[in-house]
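Chain nomenclature is as follows: A, B and C, assigned in order of appearance, with residue numbering initiated at 1 for each chain independently.
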Amino acid sequence: MAKYLLRTFAIAYLFLLVAWPVSLVVTHTFANGFDALHAIFTNADLLSALRLSAIAAFIATVINTVFGVSVSLLLVRTRFPGQRILGALLDLPLSVSPIVVGLALVLVYGPLNGWFGPALEAQGIHVIYATLGIVLATSFVSLPLVIREVVPVLREVGDDQEQAARSLGANEWQTFWRITLPSIRWAVVYGVVLTLARSLGEFGAVKVVSGNVSGETRTAPLAVEEAYLNFNQEGAYALAFVLASVSVICIAIVAVLRHRSGKVHS
Amino acid sequence: MSIEVTGVNKRFGDFVALENIDLSIPTGQLTALLGPSGGGKTTLLRIIAGLESADSGTVVIEGQDATGLPVQKRNVGFVFQHYAAFKHLSVARNVAFGLEIRKRPKAEIKKKVDELLELVHLGQFAGRLPSQLSGGQRQRMALARALAIEPSVLLLDEPFGALDAKVRKELREWLRRLHDEVHVTTVFVTHDQEEALEVADSIVVINQGRIEQIGSPDDLYDRPANDFVQSFLGPVTTFNGRVVRPHDIDVTTHEVPGTTAGSVDRLTRIGLEVRLDVSVAGSDAPITAVVTRAEALSLGIEPGSKVWLRAV
Amino acid sequence: MTTRELRTSGLSRTSGVGLGITMLWFSLLVLIPLIAVLVTASEGGWANFVRTVTNEQTAHAIKLTLAGAVAVTVINVFTGTVIAWVLVRDRFPGKALLEFVIDIPFALPTIVAGLVLLSLYGIDSPLGINVANTEASVFLAFLFVTLPFVVRMVQPVLEELDLDVEEAAASLGASRATTFRRIVLPSLAPAIFAGAALSFARGVGEYGSLVLLSGNLPFKSEVASVRILSAIENDNTEGAAAVAAVLLVISLLVIVVLDAIQRKVAQRG
């Protein structure tokens, strides 16, 4: 009896809070057939917004994957003073407000008053109000995602296989490439997909660091806001639909992959 | 009779776990349910406990029909193979759990818990967490926890299966001594015949969902009802078409009428005994015969020696 | 070459270099910028800081943010545990769909989340519920973006739970409800708290989903992050840093709580 109550509650809650609202975005987008979507893909500014988002997300994902895997190895396979503190600090991006992230980056890399900004500007390196700033902000917010997927797997798998490889003569790089990396490949895949989704969607932090200049430093999420505030509701919904679809596809990929590899093990 | 099981059947899908089981477990005795893995003994134990329900048949505990009763109401003490310790509670709180559920006064609970912890020699660990105990200690705690509710029967599911050999032996003897002190009707499941033979007053051999034989350790070892029981309870060897115990094969180094000739392939010393693998004409597999070390020495048996065998 | 093995005691040369590089990147990207917030906030002195933070509009925004985050966290503790329970212990056709839906708020761009909520709870609401530009909109947005945190923390713990332990409690006389209260819930508690901490932190810092839905009306639906952004846009970096520092301290406290929980769990074994 209690079972059916709980089940109904869970389904109703998720339906009212997530499923129904999301489906309404879809209906709004296709209210006039494919017109809204067509409008986006023929709008140069919106296209460049999508392109900027994609590029920034891609670069941030690559950086965070390399960083994430390295840090995971350092946290699990080695021991050094301050290790636990580092592990805890790495979760910071999950708990810090995106606006604070943006502000923090501006305070350090701002071209006029930042700690390092002016020095970098003198070298011709533009961070704030430029693509680099967007990449940094995006990397910041999605930093922990690969780590949180890889660390538990590294812990569970243990280093037996790596020890065996070393006893057979493999050096560190060979061991990493041939033994360690394959053992965490699915965790890395999940982490990459989640990082990509998060990076594409970042809004607040990017708003602060980018200057939000149309066609230059306006990312897709920023374009959604701009469109809505300029009474272009159709455009806003259509763009939101595109972004949402990418997120949804990302989750779907992870869900399917997890389901498959879960089946293999049980 | 403490427990009366009548006509119990249980299937899991197509798999028949128990077929028409009739069993009476005497009060105050230590009974072993012995058999190979998957044979149905754990299922039977869990049906007695009320953790599973039989498809048909009845379970009567201490004269009361327990067939329809949920496990909470049966007042059985159950001990699990992997201890099932309440990880967030101290050893004392673990043991006290059943009494706290029954809303006994605090003073009474404390007294009982202290008594039981003394009984199982865990008095000094009362405040520790289960994670700080060894496997053997955790299992002793689990036993104390089960005994705390003063159960009418104590049921143990392969209680020593997760422990290493030395601890297993120690706890085996300890369980026997505990039973002698406490006298609760106890049923335990095991696939280890040595354990059953050493500890139990009476053994129920279960195989493929059916009871093969019930009896005392001596009954089962010396007067097995069939080949399965004989081979399960002790070493066997096939000699002249009969299944016999290696102990019961007489070995001489000279020909005597009525014996079969063979030669020793291998000689293995196991403690005070010597096991001989003897090749015999007309038999594919070597015959296993066991003699004492003294015998082997006095007969001068070595690999390659010619010997004559006779089943006693 | 005498390279020390990559044992779990000490660093080889490669990992030493790796540690150096990763720490450098982490400092440049995360640590130094966050420290800059704290430094800038304290630059004007304590009195200035207090004045900025207790400014009427700002104080209201902070209070609204905290109250909303706390309320939503309390609700999430309950709903998150229920949903996790249904996902792990219940079986019905279409359950996989639920799993999928739960992750959507996490992966969705926050601005899109705002639009999503607007379509059901805004002006053209098919349900007739319009919370746009009200205090309630803040609450709703928080509820949406913090949905997955408790669920995803509790779910794996629930999956790993030993059924033996629940059977043991039953054999000792505990009813289903008592077993849940005394045995299951304590095992879930650390995961629930960890999820609650993350949910709280996320709520406190939320921005994107509120932009379109709440209208950011001062003294009504304006949250702390919006105040910070206003200050930045008005070139008032000190003021922005002051409020940001408040949020940052909260984030750090959450991290400390998470770490403490992790250590306690490791102790229980």
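Here, a residue touches a chain if its C-beta (ideal position, glycine included) is under 8 Å from a C-beta of that chain, and two chains touch if they have at least 3 such contacts.
For clarity, every value in this text was computed on a predicted model and none was experimentally measured.
Put simply, the chain closest to the centre of the protein, by Cα centroids, is C. By C-beta contact pairs, the most connected chain pair is A-C.
Greatest centre-to-centre distance from subunit C is found for B, with centres as Cα means.
Distance between chain centres (mean CA atoms), subunit A to subunit C: 16 Å. Here the spacing of subunit B and subunit C, counted between their Cα centres, is 52 Å. Subunit A and subunit B, compared by their mean Cα positions, are separated by 57 Å. Subunit B contributes residues 49-51, 70-73, 75-78, 80, 82, 84-89, 97-98, 101-102, 129-131, 142, 145-146, 149 to its touches with subunit C in the complex.
The residues of subunit A lying in touch with subunit C in their complex are 3, 6-7, 9-11, 13-14, 16-22, 24-25, 28, 67, 70-71, 73-74, 77-80, 84, 86-109, 113, 115, 136, 139-140, 143, 159, 162, 166, 171-172, 175, 194, 197-198, 200-204, 207-208, 220-222, 224-225, 228, 236-237, 240, 243-244, 247-248, 250-252, 254-255, 259.
Residue ranges on subunit C touching subunit A, taken from their complex, read 3, 5-12, 14-15, 18-19, 21-23, 25-26, 29-34, 36-37, 40, 79, 82-83, 85-87, 90, 92, 96, 98-112, 115-117, 119-121, 126, 143-144, 147, 197-198, 201-202, 204-208, 211-212, 224-226, 228-229, 232, 237, 240-241, 244, 247-248, 251-252, 254-256, 258-259.
Residue ranges of subunit C in contact with subunit B, taken from their complex: 162, 164-165, 167-175, 178, 182-183, 186-187, 267-269.
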